[in-house]
Amino acid sequence: MRPSKRAADELRPVRIERGVSRHAEGSCLVRFGATEVLCTASLEDKVPGWLRGGGKGWVTAEYGMLPRSTTERMRREASSGRQSGRTLEIQRLIGRSLRAVMDMGKLGERQITVDCDVLQADGGTRTASITGGWVALHDCVRWMAARDMFVSEPLIDHVAAVSCGVYAGATVLDLDYPEDSEAETDANFVITGGGKLVEVQASAEGDPFTEEQLGEMLALAKTGVARLVELQKLAIA
Amino acid sequence: MRPSKRAADELRPVRIERGVSRHAEGSCLVRFGATEVLCTASLEDKVPGWLRGGGKGWVTAEYGMLPRSTTERMRREASSGRQSGRTLEIQRLIGRSLRAVMDMGKLGERQITVDCDVLQADGGTRTASITGGWVALHDCVRWMAARDMFVSEPLIDHVAAVSCGVYAGATVLDLDYPEDSEAETDANFVITGGGKLVEVQASAEGDPFTEEQLGEMLALAKTGVARLVELQKLAIA
Amino acid sequence: MRPSKRAADELRPVRIERGVSRHAEGSCLVRFGATEVLCTASLEDKVPGWLRGGGKGWVTAEYGMLPRSTTERMRREASSGRQSGRTLEIQRLIGRSLRAVMDMGKLGERQITVDCDVLQADGGTRTASITGGWVALHDCVRWMAARDMFVSEPLIDHVAAVSCGVYAGATVLDLDYPEDSEAETDANFVITGGGKLVEVQASAEGDPFTEEQLGEMLALAKTGVARLVELQKLAIA
Amino acid sequence: MRPSKRAADELRPVRIERGVSRHAEGSCLVRFGATEVLCTASLEDKVPGWLRGGGKGWVTAEYGMLPRSTTERMRREASSGRQSGRTLEIQRLIGRSLRAVMDMGKLGERQITVDCDVLQADGGTRTASITGGWVALHDCVRWMAARDMFVSEPLIDHVAAVSCGVYAGATVLDLDYPEDSEAETDANFVITGGGKLVEVQASAEGDPFTEEQLGEMLALAKTGVARLVELQKLAIA
Amino acid sequence: MRPSKRAADELRPVRIERGVSRHAEGSCLVRFGATEVLCTASLEDKVPGWLRGGGKGWVTAEYGMLPRSTTERMRREASSGRQSGRTLEIQRLIGRSLRAVMDMGKLGERQITVDCDVLQADGGTRTASITGGWVALHDCVRWMAARDMFVSEPLIDHVAAVSCGVYAGATVLDLDYPEDSEAETDANFVITGGGKLVEVQASAEGDPFTEEQLGEMLALAKTGVARLVELQKLAIA
Amino acid sequence: MRPSKRAADELRPVRIERGVSRHAEGSCLVRFGATEVLCTASLEDKVPGWLRGGGKGWVTAEYGMLPRSTTERMRREASSGRQSGRTLEIQRLIGRSLRAVMDMGKLGERQITVDCDVLQADGGTRTASITGGWVALHDCVRWMAARDMFVSEPLIDHVAAVSCGVYAGATVLDLDYPEDSEAETDANFVITGGGKLVEVQASAEGDPFTEEQLGEMLALAKTGVARLVELQKLAIA
């Protein structure tokens, strides 16, 4: 029995609220249960130095947690003077995931930065960030389309993410914090709208896991992401 | 004529939404027009080293802006590795303002950290932070009261803040960004519920200002803060 | 009775010694009683990036304290790797104050950096820095004039600063360290030669203060700055 | 055809040279083809603060690359003042992998730090680090055993790692740099001596990958790690 | 012929002004020609962690240059966030030099920090710092003596320093900046009152130098330091 | 009697293994007894900003120690976020030493960076770095010669370095760690193939030393470096 009484393959209630920022070219507030992430997409006319002059664009992501998004207040990274390894790892993951569904040549020599800031954390902040980050990115691309900024559509597909884990011996979908902190194995899957895999990251927190468990988690993740993609489609409709 | 059509002594619509964080001991989302600040108050059982063993508590504040809270995306301070002078200046101001209405002996040897994170900026983020920060602090003190954590009330009075400025030659109340970026003089006033002054900070951005203009701004600020204190009272009722 | 036996409206002995640096385009050693600040003005042919190509110049300031300028040795900021919030706040104040009396168009596309380094501290280091910084700036402008570097005079007016406070219930002028550390309210006023206000910063350290006290402090500050401007005139004569 | 002419399931020549450091409690130089990593295990009598007093130990890892271990010289991280996200990500992975086969209670309140420094890089530095890091850790534990520092064996199992990828449409084992830089998908598998999974990290660099490809890569990885564990056994025999 | 017309073995005019800081336990302003260094000695009751509980004291030094102590304004190290290699090298040299004449056991478990801040630079700032730093240290020890803080004298001997160089083919004493920037070889000698060597640092800036030149420089340095020690004795008389 | 039983003028066994890096333009692994330093020379087509456009090149060096190159594990400088004063001092010394035998005009507008990374430390890491660094630099210059990258030979002479010290009252050559940690005086000499001096750095660790001792150490160093230059010649033959 999961602490939240959810079925093994049941997502938390997911809400996606678009257009929450008056300044950003695209934005949404995404909630996976009590987890809340504010995602904004910012368009800039310059690309990183190593891309300059090549006619291709770039999508990058940054991630942060508000100091009291967590049960205990965390130290503010701006004040400690460095981003933690966890933060850097997550923002690299978000960036890779979003780039997987973007055609950089069609984007043109521009950069879109997707900021994912966790207002409240209850497990799954990175999967919520990818899922909501895609919506912000989508709206930024629509903003560009409305201004005729590209010739052919650069956004290739949906992408969304969900966590799975082995909790109390069973494989379950979309871990919340009470599950996440107890899980023997914790995995994150990033999957496209077409059902192909972008990222698989599975870690044994306690005992190692089996190939069978990996297979079960992947199956759960595929149904979970399919549902998240539906919700993205509803949100942007 | 102000860009927003407001009268010279007219505040923007102010909303204070309490209890927005499931983790923090006190929290609110405060809006001054399009400016939105998430304020949380976090209680800890330890005080800074120089206060240890004295039986007195401390209230401190931290301030940050989300990278795309502004018209143009700003660099994330966690990534640049240092908080700007402006950030440090504002969080010192918020801390001093809130300490002015707290009796540290009655608080006991504990620290309350008030985090003010700007989700969206349209001028007046520091005054919104102080005004909302007080509500978060109040709720944290109520949380403590419910747990019999002190003998006599440590929160002495309300405190709120508002900006004034000389815009197009006239003194006006509660500048939004379009006014703030054009104002000849920009001033912030922090005033208690009892109408006494905690902080006055007035800066000529263009031409220096006169004693008369300072007096006019102070008069506007007193009416503005009185209104903000009423709104605080409504919010906590 | 003030610890120094001074009357409420009495400045400490102020001395301004010009030309103390063989390298700087302008320099002075300014003393407010036992407070000693070495001010240098350095001319450079480049401006900050955001001003480039616009034909306008810039005046900026940096502030530092020698580690043993204070009663207890402070940690060296170069060694701790960051400037404190107080340092950044003060150098921003000095810069704004000096810019208020400089016509950037007439200066031309050049930057003047005024460094204010506190050799010995006894209260009022920021007001001494502004008062002495103006003299260094003036001499730098004279250095430029001697080389025909501008067509019409860019230095518009004098500017000087003084602190006031509420000490033992009375409003007093130009606090030294023993007063400053005990004052209920501490205020700094930056005023031009023409008597107009550039900056007003008043903070309650203990109990909040009244509008009347603010008015009294402002009146004291105006007489104090008028005297400081006379001393600047004597110094540059 | 692979650039190195290897078969799809063929590891590069792997060499493990033990006892290369006269100071470290355990050490080895591991080579996966031209990739060379110096691994040392350092025993300390203190644990991180959050573990203190609990009687349990800790295993952690640090990772670095010599500036000219790569084709182009990289900036030295000690000089740039921060470790890159990639570095932090890899050292977190190495640490988690080694902890998965260590019983922290049996280790006692001590920390073992495994340093993995890349002398020469040709792809697969993280998998070589885990594989060689285990040998250094093993020898450190033997060093402790020789001094009767624990009652029952804390090292539970072997652990080793290998990369797989989709290169030119085919799934291949143990990518070298020419393959790694061209691969459509890049995956790392950390597997115990008993064949259970500790970490799976698969990333699409170009097109997303399929469940079938993930399965093929996992199958390759299992045979590869089984071979690496044999080589570890030979090395420590 | 030297630019300053001095004889090859002639020091610049040296002045040592004691007691220039009202806060420091010992202080002096030392001038070697146009080079001016403010030296303060600060006594603290704590020692570095690795000395704690051993009953021995420590002497350390810090060094800094005011931004416009030089011909061209330098970047402020507090602002750049790190001390340069040159700064660290010099302050390590000053510390070692002063420790060479202090008996740490007799000092007791206390630390004296000697800060050497260059107000104006014209070559020889490190040698002036050591020479003046000794006077500040001496006065700090006298301050302690006046308070009966030790049983037997911890300050063993004088120590002073001077530079020599090969300029225009000739060996000369006490280089000023015009010589220093042109010298083929630059050397610094730290020598005790008893004429023994504490530090010798000689560097070829252009062509390497000969053993004979090293000998000539050493001979010059011995007479120079003997003269500096006389001046120290006069200063403390 | 030296701990290693060596004669006073006896070097440790020195080995120089060239071509140890497949990526670097020049490289060697140099051993002075148990001290092992990996030296690589990296050629780049750009020079530091202050040299740009002048047609001259630059040689610079960086130095690092692996965390467990030492008896006790040291903190990794990449992780602490700053290079120590000792590290900066040593890498400046290596750079100056190598530049002393390079004609920058003949090198052309290119930079060679010599990285010296200590794999194992047993005293004399800086002297081994200079001695081995020269070999790496030499091979880099040969690499350039093979590609006709200069008209006339830029490498003027050999350069090598050795330490001397006063150990147990006697002057000895090439200190290992047990001697170095006990020596009263520690000196490093950098000498060209032609026997001229590039750097002399002698420090009293305990009692000051005499002119005679300096002379004895210099004599030892000259024979030591002559032997090291022979070994360099054998290595590059």
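Labels A, B, C, D, E and F are assigned to the chains in the order they are written; within every chain, residues are numbered from 1.
Rule of thumb we're sticking to: contacts are C-beta pairs under 8 Å (C-beta built on N, C-alpha and C of every residue); 3 or more make two chains touch, one makes a residue touch a chain.
Remember, it's a predicted structure, so these values are computed and weren't measured experimentally.
Each step here moves to a touching chain, and the least such steps from chain D to chain E number 2.
The fewest steps needed to get from chain E to chain F, moving only between touching chains, is 1.
The rotation relating chain B to chain C, fitted on Cα atoms, amounts to 180°, rounded to the nearest 5. Comparing contact pairs by residue number, the interface of E-F is reproduced by B-C among B-C, C-E or A-B, since over half of the pairs coincide. Here the spacing of chain B and chain E, counted between their Cα centres, is 50 Å. Centre-to-centre, using mean CA coordinates, chain D is 33 Å away from chain F. Each of residues 81-82 in chain A touches at least two other chains. The ring of touching chains, read from chain A in the direction of chain B, comes out as A, B, C, E, F, D. Of all the residues in chain F, the ones that touch chain D in their complex are 21-24, 27, 34, 38, 40, 42, 44, 62, 64, 66-71, 73, 76-79, 81-83, 87, 113, 115, 117, 119-120, 122. Interface of chain D with chain A (complex): residues 82, 84-86, 88-89, 91-92, 96, 100, 187, 191-192, 194, 196-204, 207-211, 214, 218.
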